[in-house]
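In the two complexes below, chain A is the common chain; its partner is chain B in one and chain C in the other.
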Partner chain A sequence: MTHYQMGNPGSYPYLLALWLLPLVGAIVAWAFGPQLKRLAGPLCSALLGASFVATLLSWHDATQSVATGAANLVGAHQALVSWIPGFNFGLLLDPLSLLWTCIITGVGFLIHVYSIGYMEGDNAFARFFAYLNFFVFAMLTLVLSDNFVGLLVGWGLVGLASYFLIGFWFYKPSAVAAARKAFVINVAGDVGIMFAIFMIVASVHSISYGDVFGSVGSLSTPWLLAICICLFIGAAAKSAQVPLHTWLPDAMEGPTPVSALIHAATMVTAGVYLVARCAPLWSQSPDAQLLVGSIGGVTALAGAILGCVQWDIKRILAYSTMSQIGYMIMGVGVGAYEGGVAHFFTHAFFKAQLFLGSGIIIHALANEQDVRRMGGLVKKLPFAFVAMLVGVLAICGIPGFSGSFSKDAVIYGTLQHGHPVLYAVGILTAGITAYYMFRLLFVTFLGAYRGEVDPSDLGIRHPELAGTHTAHDDHGHDAHHAPAWLMNVPVGILIVPSILAGWLLFGGENSPWAHFFAQQFPQATLATPAVSEMTTTLIVLACVAIGIAIAWRRYATRDAQDTAVERLRTESVKMPAILANAFYFDAALDLVFVRSSQLLGTLFGRLIDPQVIDGAVRETAFSAQWLGTFVRSFQTGLVRAYAFILVLGVACFLVYYAVTAGGLH
Partner chain B sequence: MLPMSVPLLDYVALSSVIFFIGVAGVLIRRNPLIVLMSIELMFNAANLLFMAFSRAWAHNAGHIFAFLVITVAAAEAAIGLAIVVTVFRTARHVDVDDVALMKG
Partner chain C sequence: MLVLSLVLVPIVVGLALLVVRNENPTMSRTIGALVALYTLVAAVASHGSEWSYRWLSRPFEASFHFGDTAISYWLVLLLAICTLCAILATNVPRQRAFIAQMLLLEGAMLGLFLARDLLLFALFWDLMLLPVFFTLLGWGEHVATAWRYFIYNFAGGLCLLLATAAFGMLFGSTDVIGRSDVHLVGAWVPWIFWGFAIAFLVKTPVWPLHTWMPLTYSDTPSPMVAVVSAVQSKGGLYGLIAIGMAFMPDYLKAYAGIFVVLGVISLLYGAFVAVTQNDAKRVVAYSSLSHLGLIVIALASFNATALQGAVIYIVAHGLFSAALFLILGFVESREETRSLVRLGGLGAANPRLAGALCIAALAALGLPGLAGFVGELVILTGIFQAGFTIPAILALIPIVLASAYMLRLFQGIMNGPEVPDLPVRRDLGWLEGLALAPLVLALVVLGVNPHALTTFDASAYNAVASTLQGGTR
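Moving on, here comes the complex of A and B:
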């Protein structure tokens, strides 16, 4: 089982190009922003497009498989920096990182183009694109690194880029708070990975994936479990898994393209990548698999439930993202790597599309994000409706759309790997997903437009408070509007893979997908479940149908549409506190981490520092002073006294010698 | 050993007497001039011993050391007198015990 060895060593100029082009864009847009002005957007987009082309040109290198002795070398390995043995840095492009690279550069390119339209009129246009390209570079570093330290560097840099972009409108206090929160939680995850690296280096003396995965067998079970848990702390923080998910909904303070690129399609799936990349570690530690799978399941369910009670269109999508990443983590956690990774692949398309579609709505409604103040948009924004509809059908797993293939693969994978509870959670979550996504669709597009209705009639308590529920993208709209096609074309392009991407999984073991990853993941012996895959699909579909039916009854019937204002007000006012407060995760984190840190800080500030540390310093000073006073008393200043002491000393010597020498003769 | 008309122990006794007169002078007297003179006494007590032993053991090192001591004594007297003069200029009188600026 050494087929996860590093790729074929060699020189791969396309690989270097696709990695460095976004960095060039970031530096140029950053340094020459004022000179470039509006050109920064097309420039950065073009560089990223070139990076995508380079990715496609690397396809052959990334999927090549060369048999060398006992092992098959899969993919391309480009050495970069040689350090001490075991600590070499390089780029690794194998099917797994190729998949991520394609999404990062491909979907990233579309979102860049969309941003040219969306961010038109923002004063910091060039800065925005510099950040976006910087993010892409950081994310590529993360997925292309051939070792854990390079991964951690990328891991930290994407956190930084995320911080920059969430807090892009830094004059909004809520955006700054959200950026800070995201950064702090992400750094907590970085620390987890750092400790995992410490443990890996202590036992394997190497940081390269090949060496580490090759010597998994020599690690003791508890040690391996500890490494896996530390790695997963990082993955959970980055991928918004319970209980480290609270930053993701707040991260919607950033511009909508950022939410689409970073907080839906790419960065938040880094945890999925990490688990999939370290599959050889997880496969040897069933306890870690159970932990990761369970947390994924809990996250999927919690995100879906919380998605049902949100009113901010982006927060609905944020909780939906969290829930879908829960699916992915559940899949890769239990060992269904191909299914989990496939859900990342399809999710990147349909979630990016949903976010970009919601961006069109937000843009058109002058930054309104509260779905209660929308309604009836199907006539106003037919294109957005089509885009959102396709996205919703895909995420719900309607047969034929991409989500259905990958979600069923994950749900069925949990059963195949012997986790019936997670299987049930997956099916339940699918039903809830259908409910809240159709709720979003119905409330937004059906009925009458409610933008002119008094906010308090809709149960909106503090419409003037930009913050948790009515965070607005308030970039300047005085400038001329960019052509609509800049925003519509990327969304239109995304519709295609949102529908079709899942078909790559069609055919089970003979599908292109299985072929693509044939040599990537360790194969586990699968149980033959009592429930067949087809039955699973039908059960999921039944749950989805129930979810849609409930959403239809509550929001889409003629009666519901006519009384929408009252119904929305009732629902807003009567929302259970536990749901309105998102299961009190924020409060719990506050209590456990913030309060305890504050308590510790108070202890040190009031007791340890003033008493122990300052005390030691003061005591040292006092004793030196006392000693000085004592010794000073000998300094009489009388020369004769000094002379007397001198004579006395000499006399002592004389007596000593007289005694020891036996006296004078 | 060369024949000596005066026994060596007499030189040692005389030297000791002169030396302790010097020590007593330094410790007791407060006039810096007298103190300096007492120091000269101690130097010369040492010189006397150098001479006596040099003569007794027919070795020239004692002569050479005596010259060195005389040189050092001259330098010491020069510096000591200079200090005395400086102190006198500022304080208009000289007393060893009054020069106690370094008292801690």
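Moving on, here comes the complex of A and C:
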């Protein structure tokens, strides 16, 4: 095992503080919620703000480079505890985890403040902030861990926080079902990481990143590929990659700030973090890179297509999140780590802003989420319009806005790393993105307000189901509202990085971004593509322009605005079944996993247990006591005993061969 | 003497409670709790000490020999804690007699885990059936369940007794548990091995010997079933380690395939059935079948890491299954049903009860940060290391299923709209909270810092020592 150390060992109080402060907040808000009442929100926000300050204070530790012998150590490494013998826990703050930590605590803080306004009046106000702070702690555990088991612990705990927050309004059956679905799919992902850990421990005898990445060279190619695939199962489940994405749109059952923080800015990007963190593994396995890049591409495209046919404002944003994470995964998958990670960075700002902006709309319209029942809001909610407009321009990659820099970096990166198909997918998706995001903007803000129109005239079949959460008492709104600035100020602040964050990438090789990650990622030898970066940007822009033009024609011309009700109904009614059912992923997963498990369970529990096993035991063992019934039992018992032995034999036979095939002894 | 008192005090007090005529439920609960607390304190105080008195010299040597070993210490602590919590949570008709049965059960099981003599072990193995049997007759829902429990386990006990006798004849002494220099050889050993093994597999239980278990677990009153599922079921696993692995390692190794196969089937079978059960207690019962199947695989894999994980998971499973059964008992006593179809929406009015059930269910589904996860992860790492690739892969499926059935259990009871005609009564009382607190706390503490449980000294058993050379790389 080559000696490979990550981070400069030492004692870093700021690092510990930034990690533990949200946990303190969660415990206090949970334990003393009834006493704290309204104070829980400011308290948890303040603790997270302090955590953000601690992050900034540890900036120097995280980015300092210490030359020790052969290697340059970047970052801070704080040893914690020996968990069980051989499994040591510690925290690692290097540029990569620092980036995530900044977003988690910084954007997290803004969303906390926003939530004080948004959740005002909810009966479980303190519980909400306890969960929110707990999420931040779990997410920090995930990104700060210096080993795979710690990562898995964080991975599981963010899943739990997500479960709690999706099912926050636990009296709604739809929220309960969505929460369980999200959790179970994510456990399937956890299991993938678990299996990767088995393989890592079996081959490297260590779980720490440093040891594992240091011994990549000693791993055989198929073994490395298997580890990468298993890790990616976890990444795909958490980051809503096809086909494990179906939980994300349903997760919109949670309160809107939750969607902004967990299901857009931070948790769902954990898969991107994992791939970027394990860059030394991926870089040695081109097959794994191809797989991850392709799945990212498919997800980007599928999410964008499905985003075009949604009516629920949050579901549109959910599919766009899925699509944008597809970009990130595509970027880090093919080896364009800096680009993929940059897209995470800019996306966190503009997507949080889009969600918070939509939250202002939902809040103002008493929990209306169906865009067909909106319209004309530009006059009613001008601030929300500005916020949404900036977000839309950023996500579409309009030059100068943050999204353009990072998205172009990903798209061009695919070409640089030799994946022209993914390059084409990236460009196509950019066009579709422009279409559905402007569709959202036009339908919501232009034309006349349609909230008073009969839902059936708009083609809404089941008003109580179709995204319109008519449960107006969701928040248990009472008369006094929190001041609007609590919600507006965080959104206003987010506008700045939504526009400017991308400029960090300006300057290519000499940009601050490239400098920041100079020692983070393995450098691959890049091809010099036939298409230049500038040309790529222009092609993307052309596609975006086409997308906007189509959206304009369909939803924004004077004629389209006048006949909006008619047009929306036609579009709703005539939607192709395959799109309305989101490519049948849900139905397929349900059939293959849920139904089949239930069938097996019923078969075992209703038939084999009481009839076959018990029948055999009962009749062969006990009825012999009564000689008079012996003959009868012999007849009926024999059949059951036969069936019993048959089942027993077949089961043992199958499993035995499965086991021996796996290398028993 | 302190060790001896651990066994005798619960039994004597239990018998005394059977004959006194004071029907005050609080009084008998207080006495029971004090006795359980005494056993907990005495178990810690007497750690490492032994007490022995020669019983037989012919045809083989046998002694009344009590004392804990590296593994049984944890089981004794688990038993004392679970009994204490269960007695605090007891609220049944004819309380006095029920508490008496609980104490007799604790005494018999303490005898089992503290026995350093095989004959003594076999004696207590059968003795510990009686309190459960009588409880099923007196408080259970169906008489047939009591008989089924008794006949299955007594048949196992008979095998155990015969095997013990044969062991004694062959080796000349049964005063062997905890010794590392006993290695049985001879033509009879496979028979002896299977005599022990059948008793252990019935008790655990393992598929297809499990069908007494769901009925017993759902019919027995919750405080008793909490102890039975948490600790009594571990008797079989403890036996596999302390007897099978220690004295007949070659045979356990030779038949490892069978154990692994039965373990894998139990693991999958239990999980699939648990997904579809509507009786809350049966969900937990079948989840037990699934979880304990994993431990059977761990023991058969002959890997030091897996063995370490098995010890952690034995304790973790004890804690969360006891907590789950106690909480389901609280729910049943309030709502007079345990059907997941009928229940729902209790969380709004019972936040503390919901919180407790949530933590217990999360521990059971293996949430990282709680004790169940540590056991699962370490066991599976060890199994995989030992070369059991396919079982390790198959064992991942029940982890996903566990999240499905445990959340179904939790949400089915606590979430959703409130059911109007359910008699929602009150949230967790202080006594009920006190009963759950140690279990929940231990689940968190062991999940965050499982270090204490891994101090188990593998070299205490020659089998394990030889495992270390043979099993791991």
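Please note the rule applied: the second predicted complex is superposed on the first by the 581 of 665 C-alpha atoms of A that agree within 3 Å, B and C clash if a C-alpha of one lies under 4 Å from a C-alpha of the other, contacts with A are read in each partner's own complex, and residues count from 1 in each chain.
As a working rule, a residue touches a chain if its C-beta (ideal position, glycine included) is under 8 Å from a C-beta of that chain, and two chains touch if they have at least 3 such contacts.
Worth saying up front: this structure is predicted, and the values here are computed from it rather than measured.
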After the superposition on A, what does A:I305 contact: first (chain B), second (chain C), both or neither? neither
Quick check for you: in the superposed arrangement, does A:G156 touch first (chain B), second (chain C), both or neither? second
Based on the superposed arrangement, let me know which partner A:T602 touches: chain B (first), chain C (second), both, or neither? second
Between chain B and chain C, pick out the one touching the greater number of residues of chain A. C
From the superposed pair, tell me which chain A residues show up as contacts to chain B and also as contacts to chain C. 644
Which part of chain A faces chain C closely enough to touch in the complex? 81-85, 149, 152-157, 160, 163, 167, 170-173, 176, 179-180, 183-184, 187-188, 190-191, 194-195, 197-199, 201-202, 597-598, 600-602, 604-605, 609-610, 613-614, 617, 622, 644, 648, 651-652, 655-656, 658-665
Complex contacts: residues of chain C adjacent to chain A: 151, 208, 211, 214, 256-258, 260-262, 264-265, 269, 272-277, 286, 308, 312, 345, 347-348, 362, 365, 367-369, 373-374, 377-378, 380-381, 384-385, 387-394, 396, 399-401, 403-404, 407-408, 411, 414-418, 449-451, 454
Contact footprint of chain A on chain B as seen in their complex: 23, 26-27, 30, 96-97, 99-104
Chain A residues touching chain B - in the complex, by the definition given at the top: 631-640, 643-644, 647
